[in-house]
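Chain lettering (A, B and C) follows the sequence in which the chains are written, and residue indices restart at 1 in each chain.
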């Protein structure tokens, strides 16, 4: 379906160490789902649930685990982790935007900013005083690299990314449009009858190989920095408050929110729309499921939940009404157990 | 309150098929709420709860259902659906921004992009390679139309809209500022000890007459496209993940999130801050109330909920503490019923 | 840690009315946390929980309450509210961006717009017809001030703020990047088999000294305005729907959402990711904790909750399954109490 360059099946198998069963010379033009693949596409089967599609797919070949292969099916590219292999194969067919190093004529670059000649700065970008854009970095249209920010080598700001001030990106960081890094944290002190703003003087540090989704926000620290270690993966519309730290290889799904000064470990998985309140510590390898609320520190790896699944509303409302008196109900049961029915 | 051009009551009644009771020649300058309307404004009464305001409003006339009219009240414009009629009348008084076809001098348009001479491209827009802007389309300031994107005829990007790449908009689509369509979906494969990115190669297709709110994000598909059918209405800050499909005439309120590959039917209503996990199917005419979590497919039309309403915190905490042991409580009750109190 | 200008301890104590115990002549270069402070930094202790750090901090002095001071500790700056005093002291060391009044050459300003000569309009801003930017206002790069919008004196739009149309900001308003004020409210009327848009004709009014976070959205009213009174503080990614009003000194944490026509009182505290449905009234001095859902008006000050904390998933699922039958369970208990075990 996605066609750009041609490879042979054998070439692809060799390149990624896959075991090929089938027509070695078949030309491959792209990748596709099993249901939409044509005779020059590679598909994949990572979830045995979809195994039934093997019999009907028109794909040239399918990346799969040995045990999922079927007799008389399409050519097979056997591997232990089909999804990883598919990601590698698909990357062959990704059309990366052609970029020429240099600064677009419409961009505004401050006198004290330093842009490597091997970097690419797109239309209408603004690079402010003291900013640094390293070699191989690509800034799409409308990016702002604010005061004293650094975009590490080979990082890519897809378009319309805002680095407000004192933000340092590692290497190969990928940031999607609308993301805002380095805005002031929400620091307020209540002075008798009104708020006064607590100055936000820290920065943001993003490790190598992080990915940050569209319209996600990561605030600068109040005094110390807000920090993402390497290979942290954030989906869209996530809110990371000031002085949060996130360990390496943690992935967070869309619309989750992490309040100030919370520390999240490595290899955590945080589900969509989850909320984590401030000043907590979450251990390594903790999974939080979608729309759960974390109000206390989690010291042990494992999976934690509090997202309540829907019911038909009429039933739900009756149950929720009972919930409002659950403590009384429990007390009554305790009394009954003691032989004191009320 | 909102005054631009003058119409007579009779003229408005005729134009929209309303039954007029009252002063046909009264000049109308605008629309307003019953409580703020002046003698040249039209108000409306869609909810009988506010019927008491009829006696005191200064409005020239009120759009209402026959049964809501009162003796001695203001002039009436009778219809079966006052809110629909009001929407039509109000549109007479909307001040649409004056736009002249053409491309603003500060915009950057790629050589291979095609902008219809009847389209309007505002200040500092960026139109990238292979993009198409059709006749009558209006792009406010700071829009980005990325590679191979199409803005259909008479669509309007209010300002600062980002179409990243491979996004196709139908006709009369309206998109508000900060929306990002076509960013990469959140596709990751875990390779032993780190993440590798799964290339996102699909696009986004938006049907005719859709409306998309401020800072809403709609990711491109992984292989196939992410698709909104016609007349889908999305409020602000909604997250639509890769390969989601949404049926015609479905409306979704602010801050809702739909995870990858979920299919939502037609004529659904999804409440604010609701969450729908990935790979589900939601039937037509399903209503999900605010802040509910959908974790399984819904096959039947109807209304579904799981958003828990607030209580005074002291009571809430006692109930929530009991909830943590609800299963044990239920077991104990089952035992008691069997005559085995513990 | 943050060093710019030098002050003496005595000078700082006098300036903010703090009671100094210790070396009056010590030069102060910045502020820092107790654990990272060096010998020319001031730290603070607002939470007695961290009192143990007093013995080990290298700070020149610590702002604290009298009762938290320790013998042999660092110099003390005694006050009744250390966090407020710290906010004031920290502001001495804030590096505000140097701005020169005037309009950047790359900005686009409409003929009928009025920009005060004492205002600062940054790179690539767009100021549309009828807009007003008052004296001392600072617009960072890429701001849009739409038709008939006013930016009050000494307000600051950090960068990439969008005021769509008919938005009026008071004085000293601070808005962070990605915020969108004045987009259309989500007004739809269902006409037999499709939606028609209800024109959104009102504006947005923001009081003096408000702060609005990154990627937050505040919609224009349908007929009347959406209104924030003075000193309202909004964190990032908050959604405020059309015709909401928010009383003075109310603070709302990240990702909260308030639906249309709801009125929130003064001095309220709304937690992160909380949801408030439409057409409600919330009294003054109401606190809503994180991730709670408000579905009815709240008439009394106090703290309200419905955010359910996580449990280990295996236990959670069992409890949630019981919840689905809570009403039946409660009925059975009522029957048992009556001596009718089923």
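Note that contacts are C-beta pairs under 8 Å (C-beta built on N, C-alpha and C of every residue); 3 or more make two chains touch, one makes a residue touch a chain.
Note that the structure is predicted; figures quoted are calculated from it, not measured.
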Since chain B and chain C share one sequence, what rotation angle in degrees maps the C-alpha trace of one onto the other, as a multiple of 5?
120
If more than half of the interface residue numbers appear on both sides, call it same; otherwise different. Which is it for chain A and chain B?
different
So, in whole Å, the Cα centroid of chain A is separated from that of chain B by 25
In chain A, what residues contact two or more other chains?
106, 124, 142, 160, 178, 215, 237, 255, 273, 308-309, 311, 323, 325-326, 329, 333, 336
Which chain A residues qualify as touching chain C in the complex?
106, 108, 124, 126, 128, 142, 144, 146-147, 160, 162, 164-165, 178, 180, 183-184, 186-191, 193-199, 201, 215, 217, 219, 223-224, 237, 239, 241, 255, 257, 259, 273, 275, 277, 287-289, 292-296, 298, 302-306, 308-309, 311, 315, 318-319, 321-323, 325-326, 329, 332-333, 336, 341-342
Show me the residue ranges of chain A that touch chain B in the complex, using the header's touch definition.
1-2, 30-33, 36, 81, 83-84, 86-88, 90-91, 93-94, 97, 104, 106, 122-124, 141-142, 158-160, 174, 176-178, 209, 211, 213-215, 231, 233, 235-237, 249, 251, 253-255, 272-273, 290-291, 307-314, 316-317, 320, 323-327, 329-330, 333, 336-337, 339
